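Shared chain: subunit A. Partners: subunit B in the first complex, subunit C in the second.
Presenting the complex of A and B:
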């Protein structure tokens, strides 16, 4: 059912002229949030878009714009180029020669969909939007499917040239489809639930790939300031080796001041058992996370190191969200660092997409001389807990805790139990979200959304794509939400998810009003370490002061 | 790229108003950018923060981590939001002439 004030959108609508906006943001139509955000008045009002981009960018899909360099063509030639380049990119993603890694699941997903809509029920964005047709997972896929059907033959070769009088395809369709590829978190909950195993998330990603590889169009935080900056400086944060070393020195001093222990963080230790890799965003925004890893690894006596080599200190790989070629380049460099250091394995810290990129996506594309075993830190942390190498006093975590499951290693890799077994040991007031584990919902920041903040995209994230997660969080803490004296901890072991959750809490002022706190898993572990004589979590330290 | 007009000059900024060339940054430009960030007057504390950010950027090519900022300037995170309502990354860094922070931060 469409929202109250909303007309049903059809595929034909995608080609409406640019002065027609297909849908408009509307809090009244969205999925209801639990108390205390159960009224529209209790939520921040939507902002009227302003700025020159409202005229320039593609706002005529749903009133939002996420891609800086996807802009309205100014001439007939530019219109033609937009459509023709898209069509040639489409031919490439449907060719065995140019899309070998993805062609099989992509073709299956395009050819076998029975439109049963099981996926729609599973999609948090579709549900949160009040079931807005344009966000239905198969809507996006169907637009692509129809273009492919009209322009390619049975052997998937382009058989027609675009004619500007084509009643089914114009530049507005392509432009809207480009933005629509960024209304999916690529969480693959739809793929998990599909009775045929088809993957509409993959279709969204492949559309992104056409735009990036063939048309040079991609969100700036993912491409220009993402993979390109990482290839140039070693990190999407722009962090260079001297900056990294300065940060590590600071973290060492900080650990000593905070917990009274002098820890030397090993850097570039040749032949170590473990190369620990972090999302460099942790160093910049959440240094307590790499610090907590250092405290735990030292306490457990592990043989480990960090790397200060270019690409060795940033585990991110935004390429998997929009461009396989970029993903492969970055992955190759990251594995090379580990090989040259002579470590036995890479252990991936609390970053979901780094897990999926390094452990799954690159498994087939970076092989041979660069091969190096890659493992998640979570089973290792559980091993250290289970065998008593780390000893805990759970009474230190005497506040409600819930767990967010990052899609990239829970759904995509099946790492479900270690983090819960740890929480059962260290957090007596742990409660699950509903649903959880492989049935979890995305934080709403997946697929690049957490770092896309240009124009008005953050509002889409904060009101639509993270809405389901916010609902789950509020439900998990329904018993104590009214009491601001009780801190409520959202354990989110993933940098990207933490970023999205931080923004939800800030947007709804939920930390200030209801004492909702968030951070990773290792911080909570350090806080409960039996050997610690003072709290580690910031909000507990502030409370004491 | 959008432009802003400052002292009769066209200055290139990104979609969010961050200047594109940090080398053109001056105190006067900082004061001008502060106005776009709902900062009416740059007090001593504003300058302490902005100068720290600018100096760190000159040395390392990135913005300093937020924890380092609060520790070394003695200005708490909460105070930063009082000084620059849109926060350390969007507000203070912009006034200090840094590019918009990138990556998962």
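Presenting the complex of A and C:
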């Protein structure tokens, strides 16, 4: 049912002219948040979009725009080009020649949907938006399905050219569908509940692939400033090798200053047991995370190294969200770095999508001479904890802690227990979110959202896609939320999730007002190390000062 | 004799079309990994959604899977449509009624087959109950789903003409059987005669309503595998071959052999975006 005060949007509305915006942001319609954000007045007001992009980009879906180079055609020729390119991409996505890796799962998901709407109840974006019809998981899937039915034959070949008078398809439909592919976090919670095992997250991703692989249209932070930059410089942050080496030096100094230990972080150590890979965003935004890994690995006496080679110091692979070719190129380079270093295995740090990209997504495409064993850091950290190689004093973490489960390595890889076992040892006030584990909700930053900040997309993320996670966080700390003297720690062992959670806390001013803190798992582990004589977590250091 | 031959054709068509559908999916290229947890076959971990990735150096350890756990999970879904029960209870009542009705009608046919060889009065009561319950449940389920789709806005806007037709077709088949049962054959005794005719290839004599019912039933049997109502085929692939296929590539294993074969494939088509190799010149 459509949210209160909202007119029901139908599939046919997708082809309405560009001067008709299908839905508008409205805090009153959104899912209610728990206290102390339970009134609209307690939440930041929505901003009126400003700037030339509001006229140029595709804001006529829901008032938001996330794809910089998806713009309104200015001529009839441009309109035709947009639709025809989409149709040729559609044919390719449904071909076992050009989409071999996903044709079977995609066709299954397109063919068998019973429209039972079970997926809708599982989708955090649909729920958070107050059940806005356009965010229902089958909405975009059904738009795609109907275009395919009208334009492709039973062998999935294009049977006709687009006629601009086609009552069922116009450029506005395609443009809206492009934006709509970026209103799904690709978290696949919907697929978990589908009685037929269909996956609307996959369909959203495949629509993104049509736009990127055929039409050259993708959000800038994912493509131009993402995969393209990573292939050129080595990192999506633009960090070059000299810059990386500088940062490592800074981290070593910082460790010494902070905890009084002189640690030499191994770089490019040939034949090491472990190549530890980090999301480069950690070096820039959260250097305490790679520092914590270094402290733990050194304390446990592991034989490990970081790499300073191109793509070796950045584990991210945004390609898995929108472009198979980019994903494979990046994965190949990352595995090559490990092979050339002669390490025995790659251990993936706290980055969810890097886990999935390296361990799962590329498992059957970057192989043969490039093969290298890949593991998550979480089981290793649990083993170091369980066997006593790392000793803890849990009383140092004497504040409420909750755990966010990153979809990419929980729901899509089945890594559920190690992080919980560690928290049970190091955090006496650990409490789960509801639901958790493989039933978790996405942080709202998944599928690229965490890094998409241009135009007004950040507002969509902060008010809609992360809303369910914020609700879960507030509920997890309901017993202490009113007491700002008690720090409340959201443990988010994933860079993108951390980014999304950081943004929610900033947006709602929740750190300042209610002492909600966030960071990864390793920081919490270091803070509880028995051998440490001072706190490691920033907010505890500040508290002491 | 026409009815007997027609029903044989319908059964054979059902099997052939279903197998054809399965073969189409089976011969598709091995897909990239797209598993989704919980994966029930993960021994000792499936119940909470864990996997071998929770182990240090998992690639050096013996892969432990449980076929039993997978079958149990599968049976819960086949027999009870558990995911719908857990996540969409209001729809489950009607959907399950319809599916259970179909299972009961299949059971009715199996019992009639057995009864041809071993006849017993108690057995005959069971056969009648099974057939009658099957017809009622299919009728209630399909009719209820049809009405729900017609009146509930969020279902209505996604439902296509063919989807209405599918439900209506099932309803009409069940309703014609129901009317025949209520009006002409309270003991549903025609089943025994029909089974006898089918097994002995002798003519089956039916009144007009029963003839209509059997013709419609035959048609729906042929029609089901040609439509998305063949989800009994699709569901096997979505779960077993996609969500639960978490077999890793390890040098020398079966997956690695398939991957190597797949690498030899040279696509005929090419994506058009400029970042694809060889497309840059198109910009000039």
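A few comments on the model shown:
By our rule, the second predicted complex is superposed on the first by the 545 of 545 C-alpha atoms of A that agree within 3 Å, B and C clash if a C-alpha of one lies under 4 Å from a C-alpha of the other, contacts with A are read in each partner's own complex, and residues count from 1 in each chain.
Operating definition for what follows: contacts are C-beta pairs under 8 Å (C-beta built on N, C-alpha and C of every residue); 3 or more make two chains touch, one makes a residue touch a chain.
All values reported here derive from a predicted model rather than from experimental measurement.
Judged by the touch definition given at the top, the superposed model places A:499 against subunit B, while subunit C stays out of reach. Number of subunit A residues touched is higher for C, counting subunit B against subunit C. In the superposed pair of complexes, A:199 makes contact with subunit C only, with no contact to subunit B. Once chain A of one complex is fitted onto chain A of the other, the partner contacts of A:281 are limited to subunit B, with no touch recorded for subunit C. Looking at the shared chain after the overlay, A:225 reaches subunit B, while subunit C stays out of its contact range. Once chain A of one complex is fitted onto chain A of the other, the partner contacts of A:300 are absent, as it touches neither subunit B nor subunit C.
In the superposition on chain A, no contact is made by A:31 with either subunit B or subunit C. Counting contacts as defined above, no subunit A residue meets subunit B in one complex and subunit C in the other. The touching residues of subunit A, when paired with subunit C in their complex, are 1-2, 8, 10-11, 85, 88-89, 92, 95-98, 100-105, 107-109, 111-118, 120-122, 133, 136, 138, 142, 188, 191-199, 202, 212-216, 223, 228, 323, 325-326, 345, 359-361, 363-365, 367-368, 371, 373, 375-376, 378-380, 383, 409-418, 437-439. Chain contact summary for the complex, subunit B toward subunit A: residues 2, 15-16, 60-63, 65-68, 71, 100-105. Within the complex formed with subunit A, the residues of subunit C that make contact are 25, 28-39, 42, 45, 48-59, 77, 81, 83-84, 86-88, 91, 95, 153-155, 157-159, 163, 228, 231, 234-235, 237-239, 241-243, 246, 248-249, 251, 255-256, 259-260, 262-263, 265, 267-276.
Of all the residues in subunit A, the ones that touch subunit B in their complex are 51-53, 68, 221, 225-226, 229, 233, 235-240, 242-243, 246-247, 250, 254, 279-285, 287-288, 314, 316, 351, 450-451, 453-455, 495-496, 499.
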